[in-house]
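Presented below are the structures under discussion, each in the form of structure tokens.
In what follows, chain A forms one complex with chain B and a second complex with chain C.
Let's look at the complex of A and B:
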């Protein structure tokens, strides 16, 4: 009843090309932004920051990155964990080599480094597709983790083999290290997520996004129309790597603070992010948020219900989490391959006509 | 025979310009199979040129040679009077050759508008960074090209479905969207691979009208393959007839209708 486009006329193509062409959507977006930037930082505490908000923000960036590659360009990747590790180690090396530069630029540079690495590992996509490409990116995953374990230069020859984020400040407020405030780390990640989402949206609604989707939907026809398949695929790998690298850098520097590569950026991380975009919705920026929120919140909610409310043992609840995620993947793949984002779209279409559907 | 730069007047009184594309002694082989054997013909500016022939005659191969997708082993393709270098498929589109496919090759997951806009991709040059920021050149280009795309959408009467995903459309509309996507790139030659395949009479009439309108309104040179003889004879200005990879006829529809070799190929010859 409230959600409708009647009377919302567009008189220019600029209006029609907006991210949120419907007024209601646009205002809701402003409200969400205002709450995220203006309200949550005052209410946040350490528990909610660490249990939900930080991982949600950081995984959302990773999911946006993978969604550009897999959802928009159709190139399956199982190397996300490895690429996040590249971002983390690049950020660590930059932080320790150039301590005077602001961490903001380190994170962005880490994204740049990951973009280059990701493009290099994307080269096989020019010849192989689908499952075979997935296996090739799997090789990237294992190779990168092995590399960061093996070559001690990457962890500055520390005895433990771990990398630890030194304390760094933005506007005099610590965002990494031991003495951070929840609101500062939250805002730092939120800024990156907002910028990433806007960039991703701009790319996917313009010609670059159309080239990617053309390659995804029918690569031969795309080529005959004039899409250069090499540039389209490699640019998808590069942009995807950029976002995934940023998320890896934030995951290490802001969220965890100390990282052992095999544990944190292993194959299970690749699958986690892949599940996020499958459940959230392939080929949708909103779906990246939805999937990340869902998979981050699920264990938290299950723990609240199972352990705190029903008094079950923790390990049973943890196993339940795995069972539910597995079942959901199957359900979504069969019933709704476009994920939560599609459910959301269908709900909106229904709402447009509600309460008079005929 | 006409000279290359000479123009001629069609049966319905339109004046056709000089040669845009010339095939010279094209031979195309796949291993031991000869798909096209020593064929020469030309396509002139502003005309509707049909290629017909029975199944397996090599029509689609010929279209692929014209579009640059196949490179013939012998002979050469002259485009605007110059021999065409060997191109990658995506470079052919930049030369101004657009095509539609026998089995629709639209991007199913995208909306009609996005499909048509994709056809404009060679006209847009803003880089990745500019598009990421969506200000200045990127936005201006997007709007300018949107205007061009909307003109074609309007022309082909698909405005009502412009925001619909292609996968939801019926067959006849998909064919029209594909024509729009090819047309929007303002090609100097438009290749249509069986534009009427699988359509009922009404849809065929619609499609014929659109093809004639496109040719009339934009002066687009059109080369098409079609099975429906009635349609071909009505639409086209000149017809090439192929059979078993060889050219057996070339001329105006009325020439072709009275050509003994063509009649034999289509109706068969009595063995006595």
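Let's look at the complex of A and C:
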């Protein structure tokens, strides 16, 4: 019924190569974009922006970044928290050093800085792989957090050791600082997410993405058919670092406003983003969105049920959150290793044949 | 300068002791990895969970009391008895064996034949799950664990060294006990693995699952046994660390410290775990001592840095791996297309 390619004729190569080849898919994509840009900003309030929408948008960018590295290129990284911290501190230093430049460029430059750092920490991936590499990226996590804690240049010698986002404007509307509106911060993050997703989607379905996937599936074989493993791996680290840096910058500047590095960008953050892509689906852009939405919503829903409905203290609910997240990871790995994205694909396939499955 | 040298020696000895504790945790990793190819991230949380269970049994805590109280409005906390340490340890071992059975039956049996990295992620999920369950069962506040191990400064060493060098070395009694226990544990494990029937079966499974299966070794039994032994090692580590710094969440983070130990020593080698632990323990203590001392690093570089223990082990392992990817004692990695 839905998702039917019948009657959808392609007359040129451009048509053939578009991102969403099925008409229904394409229209759904436009509708989602239209709702995200045109409807939600009018309905949004502070609670929904802070509890769900902003973290969802920002974690989605981080999850896309990690998914490129882990899902597409097969290099497991446990350093996401540290790389997000690089983005946050780079953004902070740029914001305070060049106050006249628009924050939009600061965020992008922060992504660039993170890409460089991430590539540097990706260098060992040329020698070691699998979970040896995962532990090696832990070095990045702990070293970077320690660095931002100890070297006071990074937080401009402030007494508290925190970094605080100064007020910055885009088109005269404040997007960081104390006097922001929910819709402005939402739109600011949404623009970044949309651009990131489009770039990531097109990278991963093009030549570069195929190289990454070849490396992931079997690096020696990929090398033999002519993929340069050094370039493929390091480019994955760079692109991934770019997105993670942007998300770190937004997380600090737009969402939190003030950051203490050990608390916000600790090892827990690395695991959280990793869980997002496992639950969402490794090697899928849609999966990054689904996983981020799921893990951002889960504590909110649990809090609603546990604290407001059952009247439990918050710490018990927090422990339940751990139990459920852990159990879900295991269940997903056993039942559906490709995550929510695979469920979605199966559902689409069913819809395509529905209501005549044979 | 002589004073500095003695102090460095003391730091060295303390580093050795800390290294033994790291090695204890790393040992649990190696056991499971050798037998089933699973890199068990949950080892640290298992140490935390077993220590929590031990304290809970000793104090006669009611499991899940917080959640029962919150749901039914009751106010129960303790059964009101105290169990002697030895019986409590025995009870905890039973719990850990039960845990091993559950893990094997409900998780890893379904994941046989998956890629190592998938198994690794499953153990991360297991770690979260177990941490949540432990907190729900026994509460998340910091607990004191006292099973009667000696603690505090060892006066004999202090006096003897004072008479010899004019400088008393500070060595904790607990560290000495931990070292002795670790040595005994390793000897026991080696004897078990080399000479007992089950140990030989375990090594056969580690060598080749299918071949072991075809000569009649029960994979299920071996895996449950290995997880139980790892649970026991976790319990020993949990007792040592718990006595040292209280039973609390940070206990599970020692698993993260054990990772670089493993990388350094090689994933598949029991001696590797010990040597790696000692190198990391000594290395990080000496590095911290050197870099934070104004007389040494301050003279040399003109600045001092502190709290390097957070990352030193990882960076050391990282640099080391670039030159020797399989670790010190690991089997050579051979890749085929």
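Heads up, the rule we're going with is that the second predicted complex is superposed on the first by the 358 of 358 C-alpha atoms of A that agree within 3 Å, B and C clash if a C-alpha of one lies under 4 Å from a C-alpha of the other, contacts with A are read in each partner's own complex, and residues count from 1 in each chain.
The working rule: contacts are C-beta pairs under 8 Å (C-beta built on N, C-alpha and C of every residue); 3 or more make two chains touch, one makes a residue touch a chain.
The structure displayed is predicted, hence computed values, not measured ones.
> In the overlay, answer first, second, both or neither for which of chain B and chain C A:150 touches.
In the superposition, A:150 touches chain C alone.
> According to the stated criteria, A:110 is in contact with first (chain B), second (chain C), both, or neither; which is it?
neither
> For chain A, which side has the bigger count of touched residues, chain B or chain C?
Touching more residues of chain A than the other partner does is C.
> In the overlaid three-chain picture, which partner chain does A:210 touch, first (chain B) or second (chain C), both, or neither?
First partner only, chain B.
> Tell me the contact category for A:202 with respect to chain B and chain C: first, second, both or neither.
first
> Touch check for A:239: first (chain B), second (chain C), both, or neither?
first
> Let me check the overlay on chain A: which residues of chain A are in contact with chain B and also with chain C?
Residues common to the chain A contacts of chain C and of chain B are 218, 220-221, 224, listed in rising order.
> Mind pulling up the chain A residues that touch chain C in the complex?
So the residues of chain A in touch with chain C come to 76, 124, 127-128, 130-132, 134-136, 138-139, 142-143, 145-146, 149-150, 218, 220-221, 224, 267, 271, 274-275, 278, 310-313, 315-316, 319-330, 333-334, 337.
> Note which residues of chain B are touching chain A in the complex, please.
So the residues of chain B in touch with chain A come to 67, 69, 88-90, 92-94, 98-99, 101, 105-110, 114, 117-122, 124, 126, 128, 131-134, 138-139, 141-143, 146-147, 150, 181, 185.
> Going by the contact rule at the top, pick out the chain C residues touching chain A in the complex.
39, 66-67, 70-71, 107, 110-111, 114, 116-118, 120-122, 124-133, 135-136, 140, 256, 259-260, 262-263, 305-308, 310-311, 314-315, 317-318, 321-322, 325, 335, 337
> Report the residues of chain A in contact with chain B in the complex, numbered from low to high.
Residue list for chain A touching chain B: 12-14, 16-17, 199, 202-203, 206-208, 210-211, 213-214, 216-218, 220-229, 235, 239, 283.
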